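In what follows, chain A forms one complex with chain B and a second complex with chain C.
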Partner chain A sequence: MGGFQEQFLRGLETTVLVAAISGAFGMLVGLAGAAAKLSRFRALRMIADAYTTIVRGVPELLVILLVYFGGTTALTALVGSYVEVSALWAGVFSLTVVFGAYATEIFRGAIQAIPRGQTEAALSIGLAPWQTWLLVILPQMARIALPALCNLWISLLKDTSLISIVGLSDIMRIAVVGAGSMRDPLTFYLAASALYLMLTSVSLLTFRLVERRLLAPVH
Partner chain B sequence: MQTAIDLHSDAPHRGPAVATASLRAENVHKTLGTHPVLRGVSLAAYPHEVISVLGASGSGKSTLLRCLNLLEVPDSGDIWFRNEKLDIRPAAGRDGARIGDARQARRVRASLGMVFQSFNLWPHKTALENVMEGPVHVRGLARRTAVECAKHYLRKVGLIERRDHYPRHLSGGQQQRVAIARALAMEPEVLLFDEPTSALDPELTGEVLRTIRSLAEEGRTMILVTHELSFAREVSSRVAFMQGGRIEEEGPPEEVLSRPASAGLRRFLDPAC
Partner chain C sequence: MNIALITESIATLLGGVVLTLELTILSLLIGFVLSVPLAFLRASRSPWLSWPVLAYTYVFRGTPLLVQLFLIYYGLGQLAVVRESVLWLLFRDPFYCALLAFSLNSAAYTIEVFRGGIQSVPPGLVEAAQAIGLSPTKIRLRIVFPLAFRTVLPSYANEVVGMIKASSLASTVTLLEITGLARKLVSETFAPYEVFVAAGAIYLALTFLASRLFNLIELHLAGVPPDKARRPWLLKLRQAR
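Let's look at the complex of A and B:
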């Protein structure tokens, strides 16, 4: 493949990095979003509803383009001279926003699946709300949310390929460049597919192991 | 409530004036949705009393119990824990009320052990961990002390051998006994039982009732919402009969249950007539 192996390796690194950072931040956004949706404050609920409705209603590719070009426009206006947003951070930000929106819904559903009595039992012995969250809600929520989160993570891994459109040197970008310059598209796209497949397989296995450990005691 | 004071004001160890109730509800009103569930309920539990609250489903007895530890916040009326009035304030922007002092609510809840109809054990924790959670995170005991405390109460309810089992590996009766141990491990001042045997198969109610009876015999202060009439008659120092969100009759079980004054209670005790 004419020295593209090493490039692919760096592309793989970038893909994993972007996915990992967006996934981690997206989880936090999802938790906050779910908390907002279940909050007793109407304003918070409305903000969270608007967030998930808009983000889930717009194609991921467009979110990335909007963040990239919107970010560039905004930063340029702010600084006064032309500033270009880095493809990596625009990508991480976009995918965090997307992952967070779906995670919000997953977490909200999982929390609502926990019987009310679980919280009441915690409150009745005098636990504070934050302790109730930490000791009673989160562990049970994690078990319920895990299968859906696994799906979401797999989507995220593959969605990183969309960031190549704004110039991120991830697996996809290397494949496109390689395919063009070596005039052998099939080989390069097969190689890229194999890399994505490897990432998703490792993820699925990991999730299955975690699930087996966690799922033992449920309702 | 007047009855309660009359019953106990002459007890020598309770001082000359009115005795201090461990837990008292005063003229509590609560509407759930549009349905007025409690319409001015007053009830006081004095130290070492066992009060059974009887009544048909929907009479408000569970809601009353849940108001006592602020799982439901009364719309109006007061809850007193010993000499301390619980801070309840009107809710801003909606009907009803809210807890005014969260710290006080937590402290008082920690002193009021509650046992639920559906046990509400935490499924991701073993029996021992279920019982330990309060001692560790609320009472602030060191882990080792908390383990000893939890073991002590599991032994008391006869489930020490099951300490490492998860709730789903325990029978309903065993789960409820773990739930009782969990409440006891807080060393509460008052125990609240919300229909503790209603979710159990008939053959499993016995073990739970035996556990509750032994607690009554220890002289613990308890308020028990129940459908088990004969049990209420045996263990209670006082019974209260609720109907339509009010306490219709209240007094010693032998009086109230043998010579019911109200038509409602007569019907409740003997639906055939």
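Let's look at the complex of A and C:
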């Protein structure tokens, strides 16, 4: 493959990095979104509803294009001279927004699956609301949410390939460049497939192990 | 943000809706036809029947659709077998490449959705069908599949919405569906916000209509009369989100 092995390795690093950062931020957005959806305040609920409905109804590619090209235009207007948003951060931002929307739904469902008695019991033994959340709700919710989160993480890993369209040097981008310069698309795209398949397989196995550890007694 | 430009863009981008729908509906249809028999194989107790199908769904669900699309669009032409056969007339065209990639990908997801449904059908119903002398094929097509389909309809609806969104990848192989037109329009107008927001609005309308349609089908299959279905539908939609 003419020295592309090393490049693929760097692409792999970028893919994992982008997915990990977006996944971590996306979890935070998801928690905030779920809290907003279950909040007493109508305005918060409406904002969270609008967020998840819009983001989940629009292609991920479009979100990336909007953030990348829109971000560049906005920054250029702001600074006064041409500034290009980096593909990496535009990608991380877009995938955080997408991951967050789906995670909101997963967390909301998982929290609602916890019997109300748990909260009542926690409050009755004198835990403060934040302690109730941290010690009673979150650990139980994590167990219920885990299988769905695993699927979401795998979608995220695969969606990182879309950022290559705006120029991120991830696995996909290396494959495109390699396929073009070596005139051998079959080999390069098969190599990229193998790398992605490896990533998703490792993720699946890891989640299985964690799941077995936590062994949720529900369903 | 320029509202007039957004409405103008929507008018232009509506020209891409036909191609988006064409790709989506054809891929879903081909995916559906492929996935019904394969889901039965996948649900089979014999590993010889189930594992090859699992390998197929595992690979297609474990790699990005973009890679699959590029593999077909750029890679197939490299094979002399394809280039020298009649198939080349088809796969020279980006439309058929996208259609093939989307259909195979959609089939992989649909197989796993249907498998879940098939396995959830109570064995008593199958035994009852056997007892009255129905053939195995008839049992599958008339008893098991309709019941399985009803059970997994919400998941299948998600797959349909996912396909509408995934069809946007066709823009990467030069097809001018909604996203392709939007990218072209952005390069002409240099107004990425307005154009991509307009495209987003169109997709949102399409995915909303698709999920509404499936809600209605779900209620219809559950036997709710249309006049009573009007209000519960709104409720259901809220729950589904």
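To be clear about the criterion, the second predicted complex is superposed on the first by the 215 of 219 C-alpha atoms of A that agree within 3 Å, B and C clash if a C-alpha of one lies under 4 Å from a C-alpha of the other, contacts with A are read in each partner's own complex, and residues count from 1 in each chain.
As a working rule, contacts are C-beta pairs under 8 Å (C-beta built on N, C-alpha and C of every residue); 3 or more make two chains touch, one makes a residue touch a chain.
Values in this document were obtained by computation on a predicted structure and should not be read as measured data.
Asks: Does the chain A-based superposition show chain B and chain C clashing or fitting?
Replies: The answer is fit.
Asks: With both complexes superposed on chain A, which partner does A:Leu146 reach: first (chain B), second (chain C), both or neither?
Replies: neither
Asks: According to the stated criteria, A:Leu17 is in contact with first (chain B), second (chain C), both, or neither; which is it?
Replies: neither
Asks: Is A:Ala35 contacted by the first partner chain B, the second partner chain C, both or neither?
Replies: In the superposition, A:Ala35 contacts neither chain B nor chain C.
Asks: More residues of chain A in touch with chain C or with chain B?
Replies: After superposing on chain A, more of chain A is contacted by C.
Asks: Return first, second, both or neither, reflecting whether A:Ala121 touches chain B, chain C, both chains, or no partner chain.
Replies: first
Asks: Taking the superposition as given, does A:Leu66 touch the first partner, chain B, the second, chain C, both, or neither?
Replies: second
Asks: Touching A:Ile165, do we find chain B (first), chain C (second), both, or neither?
Replies: After superposition on chain A, A:Ile165 lies in contact with chain C alone.
Asks: Figure out whether A:Val136 sits in contact with chain B (first) or chain C (second), or with both, or with neither.
Replies: A:Val136: touches chain B, not chain C.
Asks: First (chain B), second (chain C), both or neither: which does A:Val210 touch?
Replies: neither
Asks: Minimum CA distance, chain B versus chain C, superposed model, integer angstrom?
Replies: 19
Asks: What residues of chain B sit close enough to touch chain A in their complex?
Replies: The contact residues of chain B facing chain A are 69, 71, 102, 106-107, 109-114, 116, 118, 120-125, 133-134, 137-138, 166-168, 179, 182-183, 186.
Asks: What residues on chain C touch chain A, complex-wise?
Replies: 59, 61-68, 70-71, 74-75, 78-79, 161, 165-169, 171-172, 179, 182-183, 186, 190-193, 196-197, 199-200, 203-204, 207-208, 241
Asks: Spell out the part of chain A that touches chain C in their complex, as residue ranges.
Replies: Touching chain C: residues 49, 52-54, 56-62, 65-66, 69-70, 72-74, 105, 154, 158-159, 161-162, 164-165, 172, 175-176, 179, 184-186, 189-190, 192-193, 196-197, 200-201 of chain A.
Asks: Taking the complex as given, what residues does chain A use to touch chain B?
Replies: 115, 117-118, 120-129, 131, 135-136, 139-140, 143, 216-219
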